[in-house]
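A, B, C and D are the chain letters, set down in written order, and residue numbers restart from 1 in every chain.
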Amino acid sequence: MLTTHPFDDDKLKEECGVFGVYNVDDAAAMTALGLHALQHRGQEAAGITSFDGNEFHTHRALGHVAGNFDQEEVIGRLKGRMAAGHVRYSTSGGTSLRNVQPLYADLSVGGFAVAHNGNISNAEKLRKELVRRGSIFQSTSDTEVIIHLVATSGFRTLLDRLIDALKQVEGAYSLICMTNEGMIVCRDPLGIRPLVMGKLDDGNYIFASETVALDIVGAEYIRSVEPGEMIVASHNGLTSHHPFPKQPSRPCIFEHVYFSRPDSIVNGSSVYSVRKAIGAVLAEEIPVEADYVIPVPDSGTPAALGYAEAANIPFELGIIRSHYVGRTFIQPGDGVRHLGVKLKHNANKPLVEGKRIILVDDSIVRGTTSLKIVQMMREAGAAEVHMRIASPPTSHSCFYGVDTPEREKLLASRFTVEEMCDFIQADSLGFISIDGLYRATGEKERNQAQPQHCDACFTGCYPTTLTDLDEVEQPNQLKLLNEQVVRSERT
Amino acid sequence: MLTTHPFDDDKLKEECGVFGVYNVDDAAAMTALGLHALQHRGQEAAGITSFDGNEFHTHRALGHVAGNFDQEEVIGRLKGRMAAGHVRYSTSGGTSLRNVQPLYADLSVGGFAVAHNGNISNAEKLRKELVRRGSIFQSTSDTEVIIHLVATSGFRTLLDRLIDALKQVEGAYSLICMTNEGMIVCRDPLGIRPLVMGKLDDGNYIFASETVALDIVGAEYIRSVEPGEMIVASHNGLTSHHPFPKQPSRPCIFEHVYFSRPDSIVNGSSVYSVRKAIGAVLAEEIPVEADYVIPVPDSGTPAALGYAEAANIPFELGIIRSHYVGRTFIQPGDGVRHLGVKLKHNANKPLVEGKRIILVDDSIVRGTTSLKIVQMMREAGAAEVHMRIASPPTSHSCFYGVDTPEREKLLASRFTVEEMCDFIQADSLGFISIDGLYRATGEKERNQAQPQHCDACFTGCYPTTLTDLDEVEQPNQLKLLNEQVVRSERT
Amino acid sequence: MLTTHPFDDDKLKEECGVFGVYNVDDAAAMTALGLHALQHRGQEAAGITSFDGNEFHTHRALGHVAGNFDQEEVIGRLKGRMAAGHVRYSTSGGTSLRNVQPLYADLSVGGFAVAHNGNISNAEKLRKELVRRGSIFQSTSDTEVIIHLVATSGFRTLLDRLIDALKQVEGAYSLICMTNEGMIVCRDPLGIRPLVMGKLDDGNYIFASETVALDIVGAEYIRSVEPGEMIVASHNGLTSHHPFPKQPSRPCIFEHVYFSRPDSIVNGSSVYSVRKAIGAVLAEEIPVEADYVIPVPDSGTPAALGYAEAANIPFELGIIRSHYVGRTFIQPGDGVRHLGVKLKHNANKPLVEGKRIILVDDSIVRGTTSLKIVQMMREAGAAEVHMRIASPPTSHSCFYGVDTPEREKLLASRFTVEEMCDFIQADSLGFISIDGLYRATGEKERNQAQPQHCDACFTGCYPTTLTDLDEVEQPNQLKLLNEQVVRSERT
Amino acid sequence: MLTTHPFDDDKLKEECGVFGVYNVDDAAAMTALGLHALQHRGQEAAGITSFDGNEFHTHRALGHVAGNFDQEEVIGRLKGRMAAGHVRYSTSGGTSLRNVQPLYADLSVGGFAVAHNGNISNAEKLRKELVRRGSIFQSTSDTEVIIHLVATSGFRTLLDRLIDALKQVEGAYSLICMTNEGMIVCRDPLGIRPLVMGKLDDGNYIFASETVALDIVGAEYIRSVEPGEMIVASHNGLTSHHPFPKQPSRPCIFEHVYFSRPDSIVNGSSVYSVRKAIGAVLAEEIPVEADYVIPVPDSGTPAALGYAEAANIPFELGIIRSHYVGRTFIQPGDGVRHLGVKLKHNANKPLVEGKRIILVDDSIVRGTTSLKIVQMMREAGAAEVHMRIASPPTSHSCFYGVDTPEREKLLASRFTVEEMCDFIQADSLGFISIDGLYRATGEKERNQAQPQHCDACFTGCYPTTLTDLDEVEQPNQLKLLNEQVVRSERT
């Protein structure tokens, strides 16, 4: 397969991005552009469903938006002035086309399409009950549960059926649905996954996971869809509903660290400026003397700039990423595997030779990539290699729509910071503290009693029950939370 | 086709990269890695030929190295301990597989394969004469002329035949040839295109267009192949020949500005440090007051860093490039074309709003991209937009293996700097001077009588005759050469 | 698409063939062979589902069995000792993979797969009711109705649920179903479509639409599945059920005329010998003096042989079919369309020149092909062209799993035999009488009160109600039934 | 690959068919039709070259004409009123596109395209000499030798150069060449391979391997191109040349037995009627008592009809060929291989059970298929199985464009007729005698001193020298030639 993985394998992966437009010419073409801007949120498959006033049209494809949804003949078939799209990073269950969204069903009340970013944490339980009552599932996707709940709901209108369905659902969801009467978008009560709203002109509406998808189509950003809000766009205009009991929101903090694009505005703040602020906090919390601050490209770059400015150390490009390469190179031949091959990154050897360097990266997942990068810098002649990480140690799995390895594969779930430093062979290793991270996002500190974000991947503090989890993982005592400085020196 | 074009369309394009290994295990797998590191030099096609002691094996493919040459079954068929490869950006003549190199022929003295970076400027004339004598050409490639000259040469050995052939040839060539006795590499007498030499261990040899291709296979850089040098690697070891009359070399100066990767060493100096030096010279030559220095990613980044440091203005990421996207998105639907769509770049709006910014880019070719970028920054709210260019105005076509538009399409061939500034709608526009560029590469200044580089694209001063050119273009008086400051302010 | 249509477009088309094996090694490979032998019953798509004791495995593909199901990797994934397969000629609704059978669903009682030959004539009505109750359909196939009826049935066991479902269903079905307990096969109470049973050894069972599928795997023919019989093959061996009220059977008479392969045994008699008998009856009923009897290849060949023998006129190959050609040639270029191009048939000109010939074909549907063939024989110089048809005039549509054009496109629904003769420009045209056809199948004559076969396509006498048919077509008075000789001479 | 092999693997295979049109609209579309009618002469690849008055256009493809050359976009690119095409059965050397014809070269005198049916028996020797003088070959095809001989010829006009080239060539060739002045067709002096000429109207010309290709485009058959004749079609009309010394012709006799389509006229006589005559001679030469005469379909059918008529034994379809199947089924799974699987043929069991049958086939090559067919008939219950072959024993390889196995694999080169009968397990086996075969073609008998045909595959009597054959195979004493009756009874 030709699917591109510009991410390192050793990163967490957002599972989805959604985009919808209501009442515009070329709705499908615009949706394709929006999905293209959200490509980083899901690279294995994409789909668009449009509605032309009479019929729904769907095209789904494995692979990228470009190459699939930029062909006239595909876009031409997706007629109509309303469309919704989805990019997907498939987790277990495989990359079957059946799981590619938007999902669609012919219900007795008419067609119903849904695109979902997030993960339903009681999907298995609901599915079993639905099957028992005679529902037949087409996919292994958790999202299909929503459609069957809507199909079998006793309520009359699609809106009431959808509310009825979502009240039974637990977990994270930012949804864009289409019916033959209009578009219904909804964000779960905790607002775990993002969803924003914009417009091109009066009378049309655009919904997207991130503001960059508004930028690409030249739309104006209006506001975030609120946690727990359900918005209906129809020929009557826009109506907002709040069908769920009110509760404090918990948006995912990792969107700021890594998932969202730096040019997006998430939960009201610039991702780029938060990342620079993280770098500055990191420089304060865990300083070290060095010649250069060097970003691990590309996601570490804003934090490295913030670090360099705060620490007053020159920012230099010491690692060159192979931007020219669109496809993953699968290393052939056992014979060349032993070579310390650098397929995506190369050290800027003339620069780093003999220098003390600080590498800034966004996170450490398994630690394998960090180890290779440290080794690469040493081979290039660096005198000292200090690693600084723009997030706290990632120690817990996510169950809200992010692909994390099993917990035991997370380096931070097995090792102390000191042991992690040894593992990656750095001269020193430091993570930003959890309070430091909250400070960088504009909070005073983490509210321990009622955290302002979902930070379960760092703290194990999950904001919902996790019904489907066979053995409910007991959230660990947050071992790192009160450490003054999350840091280790290698001796 | 799914071919990726990470380059802007509005850049000059290197036409080729070459790579060869002699006497190693997994020669073809290693060549694939080397070509992958040279992918930026040619993205439309790639080929590898190997020799297993008895037979030559060739595989050619349209598209990238990754996806074609990282498959076990392909590499498995390319048996042997000697291999040469080529990446190609095809110019006119189309992307027919017939033109993809290495070219190969069964000669009476045995098999002969050749991979060529450069362009032969009397190929048409030679071709006509060869056809007249009964040669049948398989391709439209200028390189095939060399093979037919070798095939019909009266000399006995392949080495003598190759020298005989090259003496009839005019233009630029860095060649890697294979015979059943070993590898012959050669650089034209002026050394226009680069070619370096390295090794893994004693007894094996690696040749490549750039040092990054040595890095990726873990090889040690030995030296550049000298202009006019012919090196033979065989079971007798390495022998060096200088079959051509000695003359001062003229390596392409644009390799430093744009073509080569920043982590390569070209003609003995770090590309990254030359680019930073260009930025510093530019800041001296054409200063301006501003809030931020912003690189046009990615090729403008090192010069922007140099500029920011020298000018003591903060370096910020004001343009976010869609790194996550491997494939070119072909914009569908006329309806969305009028939107100011930014498929590859997006302004970091929260950052630039209300700010005076200096954009640093490597070159201006047609000017269309510069215009779009300036407009994008203004739409994002920039108060002033100053453009600084890390090369002199590109006013002439290249005939030595670089794809340049026809001269009349080059913005600098039609306009003064002031007019160019108007065209791109910048508040000011400045180019580095030709002497400034030479200074950044370590020279004191340009030697007018005998320039140290080929800089024809800036000066029209071509170092060879151009036989095939129908009407020999009279090199213009170098209009910009003596201007003290190449700059214009918009009023 | 490369799908082959060896049939003339102007033939009725059987819509499906089914095949199932229970308790054999290589169940899927054997099923692939069986489907290959049934390829003439459906050429647009094929599918196989296997069960390995734990899991069901399915592969579906557009196109032929060969090329899709003869690949080791496909067959290798279809593990298990039980498998069922289906070949499909898709009617309106398109050749979407979603409609390709076997259909499969995960029910609360376990997996359930079904392959269906036939057509359910109240499928639309049932579907609407199921959707109203919350069922979501995956396909546009009538067969899916059966699965949802099973899924939502109140009965406990799959067998009881299937009986419950089939009691609500009207029309024609030969079904092969799989559950995790075994195989359930069933034929509708009228036995409209065929289904036979065989075995390789004791303890295994094979079910197929025709005996040729038993032949290809070397199996022994046991007997036909009886109309209304439901057979369960499980680890308890074979059990036979008769869940429906007993009624006289009405197997499709057209299987003898055209659908089934001549080497099959259908309803206990050899298709080849019935076709020869048809030819003999035809020669008696509508004799004519001529030099040669010439089959319209290939389906007319056995009847032509029977005719020639009975009439004592030489049988000759006057039309050569392009057997060497596997793919349909799509005629390119308007410019060549006016040529009387013969892509599939060519006249054997040296043979027929100046001769009086009798052409024998199986049926006339739209008449367009007959016209072309008559013209082709005249252009080749035939002195007289007499057409004899091995079935009565096809005047009504089939609603039991055969693709017939809309009634108004059937030549015999608009024209008398005399007019048809004029239309095809033959010197004479004759059809076998309906009683003659029954005689050739071994009956004494058609039992008017209670016909022994379904012959609705000739008589309009449909054996079931046709609920979905919007306006119930009033079966015409059978205009041809009592005509002594169905024949016309052109004057 | 999906290539269809409707031939049994155990048949000799014609290697090529050629077709050319001069001065018609839609020349390429017409050529595609012509090649489609010649598909039986080469199924692995096809190509068409057209000339539009200025440029030559070529498209080549692996696979069938249908599916490749029936697409508007392909035909649309092949502009012009002159075109030539080629179908190819590739022998060793693989199915590389490079070997697919027409071959084309830009010569100093203009473009030159050639399509060749036949084989040059001194190609290797000529090739070596050409390479020695500097020619570079693109393919491994023997045909390319002709092009290089033309390219390097000292003569001025293309016609003279072609004559010069062909005078150096030995073997079989029917050529259709195109230059920018017109079409040149030529048949070797012995006329080994066929070539006919026709027209649509005055002023245009059509050339083809067989008359069926004239039929398909509605053209009128004029005559065969004569052995040794060279015909030039240009704006001056048609001119005929005889550049070679006159000698008695030796057209291939196997064209009558198997290669040509039965509806073709070859060397002036109907293939169908010759085959029927062969059957009649066979019935006289080797009679046997039996119930039925059964053709081995399809190539044995005309001879079987002739046999049945002459012997007055009923002709019946005892073997049903799976005409409905366009693609070869590759038997998957070792487990099912032991089954006596019949993928292409099935016995008509109800017919043959208990009967004494005579099978009539066209030839025996390796004997493996004959063995399987005899076994299949016995398993179906045949009481006696007598095999009659419509050609003498095939005991020698062909070097004139027919793919024959190496001599030792030909059953008749190793065994007597009696041993062959044992090998295929028939009750009796009989071949037509060589004189009988000549009689069926209309000769009185074989002229031993100067045979009227090339019959080397039966007699080893090759009509040309075979320069490239490493060790010149000494033509055996024709062991069968004088046997009165070529027959064996199994006891």
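Criterion: a residue touches a chain if its C-beta (ideal position, glycine included) is under 8 Å from a C-beta of that chain, and two chains touch if they have at least 3 such contacts.
For each chain, UniProt lists the protein as follows: A, B, C, D = Amidophosphoribosyltransferase.
All figures in this text were calculated on a predicted structure; none of them were measured in a lab.
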item: Matching chain pair for B-D (criterion: over half of the contact pairs shared, by residue number), options C-D, A-C or A-B; value: A-C
item: Whole-Å gap separating chain A and chain B, where each centre is the average of the chain's CA atoms; value: 37
item: Distance from chain C to chain A - Cα centre to Cα centre, in angstrom; value: 53
item: Whole-Å gap separating chain A and chain D, where each centre is the average of the chain's CA atoms; value: 64
item: Residue numbers of chain A (touch at least two other chains); value: none
item: Interchain pairs in contact, sorted by label; value: A-B, A-C, B-D, C-D
item: Of chain D, residues touching chain B in the complex; value: 105-108, 131-138, 147-148, 151-153
item: Touching residues (chain side chain C, partner chain D) in the complex; value: 2, 4, 6-7, 25-26, 28-30, 32-33, 36-37, 39-40, 43, 64-67, 69-72, 74-75, 212, 215-218, 261-263, 265, 270, 272-273, 298, 301-302, 305, 309, 314-317, 320-333, 335-336, 339-343, 346-351
